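Here come two complexes built around subunit A, the first alongside subunit B, the second alongside subunit C.
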Partner chain A sequence: MAGLTNRRGIRWWRGAVALAAGLYFLVPLACSVLFTVDVPGRGFTLGAYTGILSASGFTSSLLLTLELAAATIVLVLGLLVPALLAARLGAPRLRPLLEVVCSLPLVVPSVALVAGYSGVLRWGPQYLSRTPLFETFVAVQNADFPVVLVLAYSVMALPLAYRALDAGMRAVDVRTLMEAARSCGASPVRAVFQAVLPNLRGALMNASFLTLALVLGEYTVGALLGFRPFAVWIVGIGGSQAQLSVAVSVLSLLLTWALLLVFAAASRPRTRTPRRARAKAAPALVPQESAT
Partner chain B sequence: MNVATSADTGPLPEQAPCPRKLLFRGQAPKPPHRRALGPPLAVAPLLVFMGAAFGLPAIAIATGAFTTSADAPGGVRWTLSNLTTSVHGAYLTALWGSVRLSALSALLATVLGVPLAQAVVTSGSRALRDAVMSASGVLANFGGVPLAFAFVATLGNAGVLTTRLHLAARGWSLYSFWGLVVVYLYFLLPLMVLTIAPALEGLRAGWREAARNNGATSWQFWRHVALPVLAPSLLGGYVLLFGSAFAAYATAAAMVGSSVPLLTSQIADALSGNVLVGQGNVALALSVDMVVVAGAVMAVYVPLQRRSARWLA
Partner chain C sequence: MTVEFRALHKSFGATKALDGLDLTARQGELLALLGPSGCGKTTALRMLAGFERPDSGQVLVDGEDISDIPAHRRDAGMVFQSYSLFPHLTAADNVAFGLRMRKVGAAERRARAAELLELVGLPQHADRYPHQMSGGQQQRVALARALALRPKVLLLDEPLSALDAKVRVQLREEIRRLQQELAITTVFVTHDQEEALSTADRVAVMRDGRLEQCASPAELYDSPSTPFVAEFVGTMNRLPGLATGDGSVEVLGQRLPVRGDAATSGTVDVLVRPEAVDAAADEQGSARVTATAFHGAVTRLTVALADGTTVKADIPSHRARGLVAGAAATVTLPERPVLVEARAA
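The block that comes next holds the complex of A and B.
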């Protein structure tokens, strides 16, 4: 009897917590949607959503952000994957170094990072105006494609991507995969691309998604360095067209959610059988891996 | 050794490629010479990139914070006055405001996030748990501009709830300290759920049963068993939330402008040239303040994380 009432008590408590949390997290979203479709004085209208595409600057800023995101993902993966694979396969002593280097950006908040960047960018005109390096300083600040933002975003995404990739490589025995592929006669390059990387698909997808989400929502660096990526554009129109900016915010959250689903689906193995086989094989591989 | 035995017995023709393999096995601790150059070459681009894209700005902050700016009377020279300025007057108010906002919202998120995570973890539904965890993953990164606008639409001056419930007449304002706390919880709570859920899952059912068999009430179990075991994770989570709230800029900037003084918005102001002549480098000194706080956060968080990982293993 005591056990029964106790369990009922727990269930009641759990329901209350879930209800409160659900209200807190859903009400702002619901209200945002209501705010965009129920304009005072005009009644129900979808004008805020239909007006998005024709709003000035929408396409260019969104395209810019997507280009920046693609470049950042390529750069981050291109830097991290070889380094992490090398540390796993050949030089375990490099792993602590990589961990420290990749965690360093956590100590510098993005506002402080952008202060550093604007300091460096000021060196250009101050000290280097007569050297060829000055051209580089101008080129990285090209408003059509600001390379400096790619650099800053890559630094900010590095800790997230490192965690995702490191966790992925922990779960798969990279060294055995590599040796198996090599002893079947594959060249090192082929072994990496056809044996190791396909097995790391989940981790690669995860790292890409985190980077993409970071770049899509990034405001601080873009705004303070004077560029106009997506988030800066939303704030810019917020002053004059409140409905429109809220509508875009709602859509950007939905977009992030949709991307998460797409990436989660893409990171799953294509068929079911390998998945089950891998789930069985993984526990056997893990102890071996942790022993090395 | 293996090579010797296989060579003595005479390898079968199809085993011909094996000796090399076996030789490799035998020398496993010492990587073959062919690979010696590979790892440094593969790691070098990352290190060079970090040196340029992270090291240079770090040097700019470190040197700029301790030198006068170029337009100051007397030109560029070493000084401590930037740092002194950064912890006085309006900047001190902003620093204090940031610390208060972060400490309070992180505390609320911890106190509210643990029951939420516990409710999800003990629900027994794998699907619910996975759904909440991925929703938390998105919401924890939802900070910034979209979040600010969602709350402006909900609780702002013309917000749906504000007008429907006449909150303004009751003294509510989103553009205040408490307004920011309510908004910050929106990304701090999911972050807390993400951080603490693995620790709650690590609480063994056997411990609860053992405590109950010894006559402990639910309260006594939490007070004497669960909370001490969870303490490192809780403290680590709190510190992480504090750091996250402390570093946040976009949400507050898009929502309240600078009506609530925060360290991040002071840096942004200073970077935009909104300072007295000759104080251009105060922004860099403020950045040093932020890095010191964030560094302290990590110095507390990392050992705590290691410690709680020991219990969860």
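The block that comes next holds the complex of A and C.
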């Protein structure tokens, strides 16, 4: 009886905490939505939202940000996955080093990072004006696709992506999977692609999503280097119209959630189990256990 | 196909995993590598599989050095100690993985996978994922996967150690049956002496990276060549004795010939198996029975000698009736050569 009351007590507490947390997030959100649709003097209107879509720069800045995000994800995963696998399979003693390097960006504020970048970008062309590297400096800062932002974002995303990938690799026995594949006749490269990476799907998706979320919300570097990704555009437009700026925040929040859902759906392991086998699996498992 | 380890050395930092291992597995036999944990069994097996390179020495397959052949081109199927099925593939796809690597067509892959799952007794589990199977089922699938490419040699690294006792016994019998049916040269690593003795054609006992003795289970049990083997395989009594240095030893008031190193002299431990020890009820006897355990045909007595040494003796149960706990008894040994080991000071 005591246990029952106890459990009911726990459940009550859980509800209370969930409610408090929900209120903490939902009330400001609801107020924001209300603020954007209930304009004093004009009543209910969706004008703020339709205004966004027609505001100049919305599509181009959002597209730019998504492109930057995609490039950043490719770069970060392309660097980290081979490095982490190599450390795990070949040189376990390098793992702490890798962890420290990947955590360094956490202690460098993005303002400091950007100060460094702009210093280099200003200094470089002067000294390199007669070399082919000069062209590189120009290309890197092309406003249509500022590669320098990809580089900066990649550094900033390292700690997040590292943690996500490391957690994923802890959950599977990478070395045994690798060796099992090798003993089945797979070359090292095929073993990685056919036996290891498919089992790191969730981790890869997590790392990608964290990177995407970071790029979507990044303001400092983009603004200080003088580019116009989505976050910079939001701030710019918000200064002129209060309703519009809040509407943009709400919209970008919804956008992030939508992308999160897409990633979550994609990272769920594809179960190709036929319905027939799945229905059989559950009840059969217990007696089979002792039968083996 | 024969496999030969020749003077293998391997160190991991300060740890000597293999220290001059010499061993040969003959065509079609099941060779068990037996030894305490950390003696280098896995390292030896991984060298054969191509996952580890020897510091010195050679691994020969059919007389040819395979040191330079990468793991995926060695014809060796392997079953690992930990569950090693690919979690993202069904049982059938796991079994067919190697065939896919060899670019075998889909229809043939499916047929061969079904045939192999049949062989290991899991034909109805083809569509299950590893997490939907018990440990024993997973190891069976792993066995099927290892056999899929018709390897020349099968490597088993403690494949049963994660399973519970009943499944373990069943599966080891099945491994033996399959191995004999396919006549495939097999190296079976285990630290369980019963498992090794009951399944293998020959057992190689390892200690500290070296071969201690390699012999048939019966020979290993009846005439272990070293005290280490004697103690590791089966149960062994240690009785205090006095070696005279001329090839005999005094123990329990008897004088028995010494087997092996006859030059030993001074106080020694005499090693005898429980079934070689005889005990009889005797009012004048200085030994006391302290415990009895009935095992059907035999009864195992635990007897304390006058000097406090504990001896285990297996007596036919019909002769053990008078020997209850607390009874006085005399303990004797048969007139046969015994193994001795100098007492550690």
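By our rule, the second predicted complex is superposed on the first by the 246 of 292 C-alpha atoms of A that agree within 3 Å, B and C clash if a C-alpha of one lies under 4 Å from a C-alpha of the other, contacts with A are read in each partner's own complex, and residues count from 1 in each chain.
Criterion: contacts are C-beta pairs under 8 Å (C-beta built on N, C-alpha and C of every residue); 3 or more make two chains touch, one makes a residue touch a chain.
Everything numeric here is computed off the predicted structure, so don't read it as measured data.
A.B. asks: Contacts for A:A180 in the overlay, against subunit B (first) and subunit C (second): which applies, first, second, both or neither?
C.D. replies: The answer is second: A:A180 touches subunit C but not subunit B.
A.B. asks: Given the touch rule stated above, what does A:S129 touch, subunit B (first), subunit C (second), both, or neither?
C.D. replies: In the superposition, A:S129 touches no partner, neither subunit B nor subunit C.
A.B. asks: Residues of subunit A touched: more by subunit B or subunit C?
C.D. replies: B
A.B. asks: Once the shared chain is lined up, is A:F35 touching subunit B (first), subunit C (second), both, or neither of them?
C.D. replies: first
A.B. asks: Touching A:T50, do we find subunit B (first), subunit C (second), both, or neither?
C.D. replies: A:T50 sits against neither subunit B nor subunit C.
A.B. asks: Examine A:V120 and indicate which partner it touches, taking first as subunit B and second as subunit C; both and neither are also allowed.
C.D. replies: first
A.B. asks: Applying the document's definition of touch, where does A:V172 land relative to subunit B and subunit C: first, second, both, or neither?
C.D. replies: Touch partner of A:V172: subunit C, not subunit B.
A.B. asks: After the superposition on A, what does A:T59 contact: first (subunit B), second (subunit C), both or neither?
C.D. replies: The answer is neither, since A:T59 touches no partner chain.
A.B. asks: For subunit A, which residues lie in the overlap of the subunit B contacts and the subunit C contacts?
C.D. replies: Touching subunit B and subunit C on subunit A: residues 183.
A.B. asks: So in the complex, which bits of subunit C are touching subunit A?
C.D. replies: Contact set of subunit C toward subunit A: 49-51, 70-73, 76-78, 80, 82, 84-88, 90, 97-98, 100-102, 127-129, 132, 134-137, 140, 142, 145-146, 148-149, 155, 166-167, 170-171.
A.B. asks: Can you check the complex and tell me which residues of subunit B touch subunit A?
C.D. replies: My answer: residues 17, 21, 31, 35, 38-43, 45-47, 49-50, 52-54, 56-58, 60-61, 64, 70, 115-116, 119, 122-123, 134-135, 137-139, 141-147, 149-155, 158-161, 185-186, 189, 218, 246-247, 249-250, 253-254, 264, 267-268, 271-272, 283-284, 286-288, 290-291, 294-295, 298.
A.B. asks: Would you mind writing out the residues of subunit A in touch with subunit C in their complex?
C.D. replies: So the residues of subunit A in touch with subunit C come to 172-173, 176-177, 179-188, 190-191, 194-195, 198-199, 201, 269, 271-274, 277, 281, 285, 288-290, 292.
A.B. asks: Would you pull the subunit A residues touching subunit B in the complex into a rising list?
C.D. replies: That would be residues 6, 10, 13-14, 17-18, 21, 24-25, 27-29, 31-32, 34-36, 38, 40, 75, 78-80, 82-83, 85-87, 89-91, 94, 97-98, 101, 103-120, 123, 126, 151-152, 154-155, 158, 183, 210, 213-214, 217-220, 223-224, 231, 234-235, 238, 242, 245-246, 249-250, 252-253, 256-257, 260, 264 of subunit A.
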